[in-house]
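Let me begin by presenting the structure, written as structure tokens, before commenting on it.
Note that the chains are named A, B, C, D, E and F in the order they appear, and that numbering of residues resets to 1 at the start of each chain.
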Amino acid sequence: MTTASAPSSTPVGPTPVLRTAYQKAVADYWNDEKDPVNLRLGDVDGLYHHHYGLGDYDPAVLEGPADTRDARIIEEMHRLESAQAEVLLDHLGPIAPGHRLLDAGCGRGGTSIMANLRFGCEVDGVSISEAQVEFANGQARKRGVDDKVRYHFRNMLDTGFPTGAFQGIWNNESTMYVDLFELFGEHARQLAYGGRYVCITGCYNDVTGGRSKAVSRIDEHYTCNIHPRSAYFKAMAANGLVPINVVDLTAATIPYWELRAKSSVATGVEEPFLTAYKEGSFHYLLIAADRI
Amino acid sequence: MTTASAPSSTPVGPTPVLRTAYQKAVADYWNDEKDPVNLRLGDVDGLYHHHYGLGDYDPAVLEGPADTRDARIIEEMHRLESAQAEVLLDHLGPIAPGHRLLDAGCGRGGTSIMANLRFGCEVDGVSISEAQVEFANGQARKRGVDDKVRYHFRNMLDTGFPTGAFQGIWNNESTMYVDLFELFGEHARQLAYGGRYVCITGCYNDVTGGRSKAVSRIDEHYTCNIHPRSAYFKAMAANGLVPINVVDLTAATIPYWELRAKSSVATGVEEPFLTAYKEGSFHYLLIAADRI
Amino acid sequence: MTTASAPSSTPVGPTPVLRTAYQKAVADYWNDEKDPVNLRLGDVDGLYHHHYGLGDYDPAVLEGPADTRDARIIEEMHRLESAQAEVLLDHLGPIAPGHRLLDAGCGRGGTSIMANLRFGCEVDGVSISEAQVEFANGQARKRGVDDKVRYHFRNMLDTGFPTGAFQGIWNNESTMYVDLFELFGEHARQLAYGGRYVCITGCYNDVTGGRSKAVSRIDEHYTCNIHPRSAYFKAMAANGLVPINVVDLTAATIPYWELRAKSSVATGVEEPFLTAYKEGSFHYLLIAADRI
Amino acid sequence: MTTASAPSSTPVGPTPVLRTAYQKAVADYWNDEKDPVNLRLGDVDGLYHHHYGLGDYDPAVLEGPADTRDARIIEEMHRLESAQAEVLLDHLGPIAPGHRLLDAGCGRGGTSIMANLRFGCEVDGVSISEAQVEFANGQARKRGVDDKVRYHFRNMLDTGFPTGAFQGIWNNESTMYVDLFELFGEHARQLAYGGRYVCITGCYNDVTGGRSKAVSRIDEHYTCNIHPRSAYFKAMAANGLVPINVVDLTAATIPYWELRAKSSVATGVEEPFLTAYKEGSFHYLLIAADRI
Amino acid sequence: MTTASAPSSTPVGPTPVLRTAYQKAVADYWNDEKDPVNLRLGDVDGLYHHHYGLGDYDPAVLEGPADTRDARIIEEMHRLESAQAEVLLDHLGPIAPGHRLLDAGCGRGGTSIMANLRFGCEVDGVSISEAQVEFANGQARKRGVDDKVRYHFRNMLDTGFPTGAFQGIWNNESTMYVDLFELFGEHARQLAYGGRYVCITGCYNDVTGGRSKAVSRIDEHYTCNIHPRSAYFKAMAANGLVPINVVDLTAATIPYWELRAKSSVATGVEEPFLTAYKEGSFHYLLIAADRI
Amino acid sequence: MTTASAPSSTPVGPTPVLRTAYQKAVADYWNDEKDPVNLRLGDVDGLYHHHYGLGDYDPAVLEGPADTRDARIIEEMHRLESAQAEVLLDHLGPIAPGHRLLDAGCGRGGTSIMANLRFGCEVDGVSISEAQVEFANGQARKRGVDDKVRYHFRNMLDTGFPTGAFQGIWNNESTMYVDLFELFGEHARQLAYGGRYVCITGCYNDVTGGRSKAVSRIDEHYTCNIHPRSAYFKAMAANGLVPINVVDLTAATIPYWELRAKSSVATGVEEPFLTAYKEGSFHYLLIAADRI
């Protein structure tokens, strides 16, 4: 028979980390970002976060000597952000040193370090910002945990990690950059059967209706796409992730924003956050779910 | 033209309350049921429950004079059951006196009475046991709230109540008798937009796999069909019910069962409950969700 | 038997036109809106539009006497907007005088008037802005077509119009305020079998990824929720609407925006529109579909 | 407020029986049809069928006197067709005189008469051919059963019969004219909970792939749309119809076709039927299912 | 660029055969099981079954000499069980010696041996009980067919067999231990296009409603999860399995249970089986389906 | 442990190109086909097509000298067919020489050659007719483009080409031989993210209802299965293909058929095509969609 030879082996490279113009724009934003609210807070103890805080702040930080007022506020905000990360880690269930964890959208890596400190296990973080990955790996080396904590320039929608490799995965305020069905599909693939997924996220409230103006301002600030609350539960139901805890953290995060609005590192996004939370169009939510 | 006249008007009656042999068997069970664990506890203060308790019991009730030991235990168990109902009501969100509530699977009506006491609003309870409905309406009359609290011999899958009529609906341990997709479809129909649904239920754990032997023994005891946890979230996602709180109450309900196992009103189902909860194959879960 | 009497007949009113906080905010926006770009253009010939234009503008309007330059531009922009409405009407298929049409999200009513002029048939417009409805009905009276063209203060997701009543329905730039599955469900209900649906809309491009910053700015400007292109086709496929024409109007609408940016009635939203169209993150799309 | 008055009450008539050009073509075909294979067979005993036969024929009918050969064959074919209808009725489950049955696509009404004879209950038949309906009602009057057996000029996709009114519904070779999802949706609506649906149909075999040429010739002959076997089970699963018996009648119907090919009333469609059955691209299937 | 090296190659082992606590409990049950009803019947001719029988028993076995009565009953029950396996094999369609078959949930292997005897082809059986697998392989060696019939300690939800490898697959009373969607997904993967799947199973009747008490007792006896009939057809429709035969074997299996209830090897589960079958809450069903 | 050794390594060959009897029949048809309407038109300039034409024909070809009339018509029809292929290629979006294209159902290969001429890139064509593949590869060699244009004896439902390898894929009148969900699943797999799919196809009109008699005659002529228009959009929505252009080409293709009906190469299928197009039961449609 005279069919043609096998199709030409034009090399088909691996899918690039940055697949769309949108992802490139997000990566550019975070590669360039040097917001004091992230850097100065991280400087406090070397845990660099890209999320918000939980719990009441100590009103005393607002009083006393003016020259250290700013430092006091910074330290207090950092305490609230680390408290948030602890709440997230509290919901991972029992993690043994032999387990492996994934920090999806790891930013400058603070939560990964805290997880390693708490559980002693390996943690992989992924980010589409090469600058963040480089920064975070530097921090891991500085702390001498780079044999256990590793950050990767990868797309959380397509990490290349093996199937079933992780006992726990989390998104700490990074789900608003991606389609949740794609994300949870990839998470479900990577989690071991019975593994735990946790996210903390802002989501808009289906009950008040579409994205409010305040929510749109947050989207515009971060070039993100805040999802409705319902989208999380639909995408989990479609991907074998079964909730075991859902906690409305809205009331607990408002003090953080009120303090931040009074700080020197305010970025202007404080007002839409406070408006959105207080008008009820936006929730700060923790979801913990099991992979079945 | 010579087509036949309109189809004969053989009267098509309303769908009967008891549609299947299974529903008739469940109704028979509850019509005949006179378990002291339900009746004697209700006698304490006239709130008759058909659910289980939450919180630690006072170990002192087990000690002291033998002749009142039984009464002390009964009273303590009743306290824990009423505490459970309070937790459920805590999750209904703000309810005004002009609102209307539905107690789906109301049993002898205790939770409905408590809701009326707390919110001052109208409450409708439905049960497929005529004996329970009669009993509960008698209690409402005795308390003089029968203008506000009404119990109906109706099927919670097809209540006949108007669309959008309720601000809040709950199932207090009554979802294991019905298909969740049908149930939540009917609830979604009856709830006002933005209304709240709350259930407390035992559900088996998808992570440990299929129904364990202990769970099957509970099913057999009550002729019920305990659902996997995942079924609740799938059926909610399909019916416009969006979780806002999910609380794992398993640890908080174990003391109730341990006390009950030591009581004179134990029915024998205590052991499979304790086994199932402790082996992890069963959860006691609260879910609060908004109707969108 | 002693079941309670029928459930109390607490009157359950009709679903309110404005169901959510979001809808109220949108209604407030349009009730208050008096943008010259809408009013002054409408004054040209009494056709008041709330959409954008199609086709090349005549560059001559930018030249000539300064004192009439503004009026020339206004008139030219109005010509392009009316041309857009003509393109929409071109896709409605054959409409007879006995047919009935629905203008979903009718604004100040211009397209409805044009449809009545072209086809001679009845047209109903709906808007959640009472001010727009009042204004539009006034225009219809002024033109003496208020026996045929009627505007209603109704929600396009739940119009109350009878099932199968319309031969044609359109959304002229009003789909970004609502959930498309709900909207097309309601449209499918209202359309006669074989009826035609047409929309012209801006939609973001799934290929470039999530909402770009420019798209978010448009969302923020109008408190709207621009959908991805894919959402239109998914929601149509789920609701018995089968496309027969899809036209990418992006290139044809850019001149309108370039002219508007140079006009006295620019509102500031011109720049994000031009950016979004030119970077490829946004399309101006016409979809015509049959109801099956 | 000055919104317009209620939408004009342009009377919206009931959905017409014949909704599409396709349905009109099918109705025309059957209104005009006077095939001896249907009329002469029916003349044997006044049961007029529009379906095919089951079981072995008596080879003796082919032999003997030439002048009665034709009559013998006709009678034998009619015996096989009535046997087919008996097999269908065998699968309806227990039917009481107080029950009500629906013959969907009743043709000239033979199966309805047989059902009334067997069960003594009311039977409604529907057809989109007015000629068939008139003929069938005439037969019912002639037999004096027109108080129990009524034929209606209605569309089986939208009969107007009340919800839950029928204990049994069947399609005897009439499903190939309609979309099965629409059909089974309407059947599910009309059946009482626990009611039985039965169809006998030719369906093409998914295993051999798409419509074979022989199957296309049958489609072309009857202007019908033979479905793949899989479509029946998908549409039942989506509409609460659960199979309890599925019988492959292919081998049992082949003798009928072989006899018919030798008869004076052959229409030419015998050859594609025999080819399709024997090449395995086509099955003659009975499905009995319960409504849940 | 300084991203981290590839993620650590912590070896991720293959998915274990026993994935959940439930599966371990089932495996333990069958590893320990030495019920005479299985062992003594198998001893008759070396075909060890774990399923039930079909057909009428010979009433003569109950009469005659008391000392051999028990042996006569055992032999008769074994005859009925082997008859059941023959009925299953009758529905596999034409199987050639070069084909390959899969016995999913093979128990002690009797049906696999019978299939090899009938068709001469290779048969693979899988079980999550290592004891059963060892026993069955011993039997294959004893019969000298271990080159053709092989049993494997594998999970039928994830067998590791190649895609498209089997012409036929069956479950002989083993589907009640697994999720049907997962099971049929794996079967569809393993079957060749056009291959045949057959199961015989008890299933509860959706028409009578939820699991009856008798069905729950069977579940509790075997730690299994009997499915509703509807679940089989939904899961097949979702996985490319198209029924060609569905046979209600309920009436044909009741004699087996009546004989067993009178035998020395009764286990106590006879009464719930007989109750469930006779009250109509349970069916014994054969389904044969083609893979498309 | 004594489990059996690994399952026997019976070699499981690759899925055959021709999987079903239907596919074999289609392949036989095209292997044998030597219709002058395809061969003589291709002889004009060596571009052999198996599709129909677009645009008005020059009426002059029908006049003039009788002896060249036939050649003039042939040439004109070929011009219209090539014009159709150009319209298809116009919708592929920007294609660079380094891109790769797939011609799914390539016939004798004309469109592939035209694509290579226009874009300079590699093109793979697939057909299940070995005769067509051999012919087409011969043409590519003759033109000296066989290093760039290659035809393969493969099934377009399962090509074996790598994932994400193609920037553009088209079906030029070849979708009516396959299930669209399977086809678009395979296309989605093969397209790069953001790649473009284009098809030109005849589809029947859901609005006029089921397959008309004229459409059935076309199906019967080609042993094909013409899809309803709706099926294209459902299958695209389910497979990540988002329309950007849909063009109704019906009016533009009618002249081609009218000319063909007058030509010497008419095959008899002209009449059903013209009937179907003119009665509105059939559309000639172009769909261009992006892979997301």
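Methods note: a contact is a pair of C-beta atoms (placed from the backbone, for glycine too) under 8 Å apart; a residue touches a chain by one contact, two chains touch by 3 or more.
In UniProt terms the chains read A, B, C, D, E, F = Methyltransferase.
A quick note: this is a predicted structure, and the numbers were derived from the prediction, not measured.
Counting the residue numbers that touch the partner chain, chain C and chain F have more than half of them in common. For the copy pair chain A and chain E, the superposing rotation over Cα atoms measures out at 120 degrees to the nearest 5.
Chain centres were defined as the mean of their Cα atoms; on that basis the chain farthest from chain E turns out to be C. Distance between chain C and chain E, defined via averaged C-alpha coordinates, is recorded as 60 Å. Once the centre of each chain is set as its mean CA position, chain B and chain E turn out to be 38 Å apart. Per-chain Cα centroids separate chain A from chain B by 38 Å.
Within chain F, residues 19-20, 193-194, 207 each touch two or more of the remaining chains. Interface residues of chain A, counted against chain B in their complex, comprise 193-194, 206-207, 229-230, 233-234, 236-237, 240, 242-248, 283, 290, 292.
Chain C contributes residues 100, 122, 124, 130, 133-134, 137, 146, 150-153, 160-165, 193-194 to its touches with chain D in the complex.
The residues of chain B lying in touch with chain E in their complex are 19-23, 25, 177-179, 207-213, 216-217, 219-220, 223-225, 279-281.
Those residues of chain F that touch chain E in the complex are listed here as 1-5, 7-8, 10, 12, 15, 19-20.
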